[in-house]
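Shared chain: chain A. Partners: chain B in the first complex, chain C in the second.
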Partner chain A sequence: MSETIEEKLKNYKTAPFDARFPNQNQTRNCYQNYLDFYRCTKALTAKGVDPLPCDWYRRVYKSLCPMSWVQKWDEQQEEGIFAGNV
Partner chain B sequence: MANHLQFNFQDATSPLMQELVKFHDHSLTILFFISALILYILMMTSLSKLTNKNILDSQEIEMVWTVIPAFILIMLALPSIQILYLMDEIASPDITIKTVGHQWYWTYEFSDLSKESEIESYMLPTADLQNGDFRLLEVDNRISVPMDSKIRMLITSEDVLHAWTLPSMGIKVDAVPGRLNQVTFSSSLPGLFFGQCSEICGANHSFMPIAMEVIPLKTFESWIIKL
Partner chain C sequence: MTKQMHAFHMVNPSPWPLTGAASAFMLTSGLAMWFHKHSNTLIFLSMILMLLTMYQWWRDITREGTFQGHHTSLVQKSLRYGMILFIVSEVCFFFGFFWTFYHSSLSPSPDLGMMWPPKGVIPLDPFEIPLLNTAILLGSGVSVTWAHHSLMEKTHKDMVISLSITIILGIYFTLLQGMEYFNSTFNISDNAYGSTFFVATGFHGGHVIIGTLFLTVCLLRQLMFHFTSSHHFGFEAAAWYWHFVDVVWLFLFISIYWWGS
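The block that comes next holds the complex of A and B.
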């Protein structure tokens, strides 16, 4: 609990157990972390703060989400047709 | 892998499968005892020369044949519930691997490290097999996992329903497009384990096997760096 975000990122092994998603279906876990990364980056950049803490969400969604899903969502974001609220 | 005409389970690779095999042995023993008892009673009552048309009830025998089955049911329920809860154990995994089903091959993605890696695993055609290879089970690129590590496997599909199966670990998980199904397992034994797609998915459903190598951690580290 007293680990800094830098230490947490340095010691990152894989996405840890998330109590919000305790069951077999982890789809939302992947999608939520993807959304959280972009929302976090947008919010911290708007405040003029280093977006390093957002890297946690990036590591987690990279671990959980299939690469094809991430690619598709990234393309949708570039085209402005991504359905999520980021 | 299963041998010809194999009735029983494959040797258990994961601790969970070991528990399942033990429970199956326990349940089957009880079943055989009950079946033998019923056959004996059937034989004795049908061959008996004693007849008494006036028996209405008997408190003692009814007590016996209620209490004993209740006891047997408890003997079945207790290990069953124990294994059920053991399967749901919450543990933070050591590594996450994504398995994606396609028509008609599997891809495995490793994304925990800064470099993302992917392997495509196609069945080896029978004509390309070497001596000693297993027909319809060998693949060109096997997936490797480290021994004694908690592995989280996230399974999905790019097209139709598939199912990722490893009988020696007691794993069978549906690969559903648009959904990520999680299974956590670990193996205490190094070795090579096979499975086959378990959800009908088209013409080559029988020809997209799973081959997994469980290797020591150091060997796994040198393998994954080369991907």
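The block that comes next holds the complex of A and C.
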């Protein structure tokens, strides 16, 4: 990839094809990017680095995931009952 | 006196298939009564009927074979096929539970956090009690083979000792598993981990108990000198069943206890 992350974010239209999730059911695509956003943010802020690259994952999950799921997971994270490993 | 000109066993009319079928019907409908109408009567009656059926039917088979001589080598051959086919059906039964386990654990769903074991589940250490249980069952496989050879070599006392050891090991396994169940931090209603774990190991434990009972019946029969050194199919059937139980445990140990942790 010859684009920088800033360029990729600027040119973002919608979630691109992800070969890890080739089929019609994109649930895991949504969930994986949701997890990756929070993991990325946690890791980069722990290192004291600007978490801008994590924004990619946020864009993708916001494009893919149903809002109700995101709200549910956000609430679970706040209550400490989120099942994923962040 | 008319003789039969074939080696097959034409069994006398018997009520036990009917009572067995009736008890199976009452068991299933009794289960529904228990679930939906909070009534234990039907299922309780069906269990009594089932136990009576088993006792009397197998007693009759012993009478026909050991005392009346109806079990020619041809009859014994068909009994062997029967036991083998039954064990094959049991393999199919457990195959389903292993399928379920691998379905849930190979690609865990987002509801489980896409991880296995799921967050919050502390799996049992496979190298503590489960490893001991593996050694116990493997050892009991050795002792039951010793019992078989003692039987074939006409050393009655050795056979009684080695079969008793096998039974004691079976009971020891059951007690240890019971302790593990009591002391585990998760139960059957804790997500897919709990379901797969307890259904698979639970049915296995039930089969250990059945196998132990079968071996105990063989011990009692040996003490009453039912078996000869060349004709002892009841014992062989029990030993096959016991080896099957051991093999299922090995698969459980490797898949659920070890890989699944």
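In this text, the second predicted complex is superposed on the first by the 86 of 86 C-alpha atoms of A that agree within 3 Å, B and C clash if a C-alpha of one lies under 4 Å from a C-alpha of the other, contacts with A are read in each partner's own complex, and residues count from 1 in each chain.
As a working rule, contacts are C-beta pairs under 8 Å (C-beta built on N, C-alpha and C of every residue); 3 or more make two chains touch, one makes a residue touch a chain.
Predicted model only: the values in this text are computed from it and were never measured.
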Problem set entry | Partner chain in contact with A:K62 - chain B first, chain C second, else both or neither | first
Exercise. After lining up the shared chain so the two structures overlap, which partner does A:K13 touch, if you call chain B first and chain C second: first, second, both or neither?
Worked result: first
For this session: Based on the superposed arrangement, let me know which partner A:N25 touches: chain B (first), chain C (second), both, or neither?
Result: first
For this session: Mind working out whether A:L35 is in touch with chain B, chain C, both or neither, as first, second, both or neither?
Result: second
For this session: Check whether A:G84 is in contact with chain B, with chain C, with both or with neither, and answer first, second, both or neither.
Result: second
Exercise. Touching A:C54 in the superposition: chain B (first), chain C (second), both, neither?
Worked result: neither
Problem set entry | Most chain A residues touched (candidates chain B, chain C) | B
For this session: Go through chain A and flag every residue that touches chain B in one model and chain C in the other.
Result: 27
For this session: Over in the complex, which chain B residues touch chain A? Could you list them?
Result: 90-96, 98, 100, 109, 111-112, 116, 118, 152, 154, 156, 158, 178-183
Exercise. Which part of chain C faces chain A closely enough to touch in the complex?
Worked result: 110-115, 118-119
Exercise. Which chain A residues qualify as touching chain B in the complex?
Worked result: 12-17, 22, 24-27, 29-30, 62-68
Exercise. Residues of chain A touching chain C in their complex?
Worked result: 27-28, 31-32, 35, 82-85
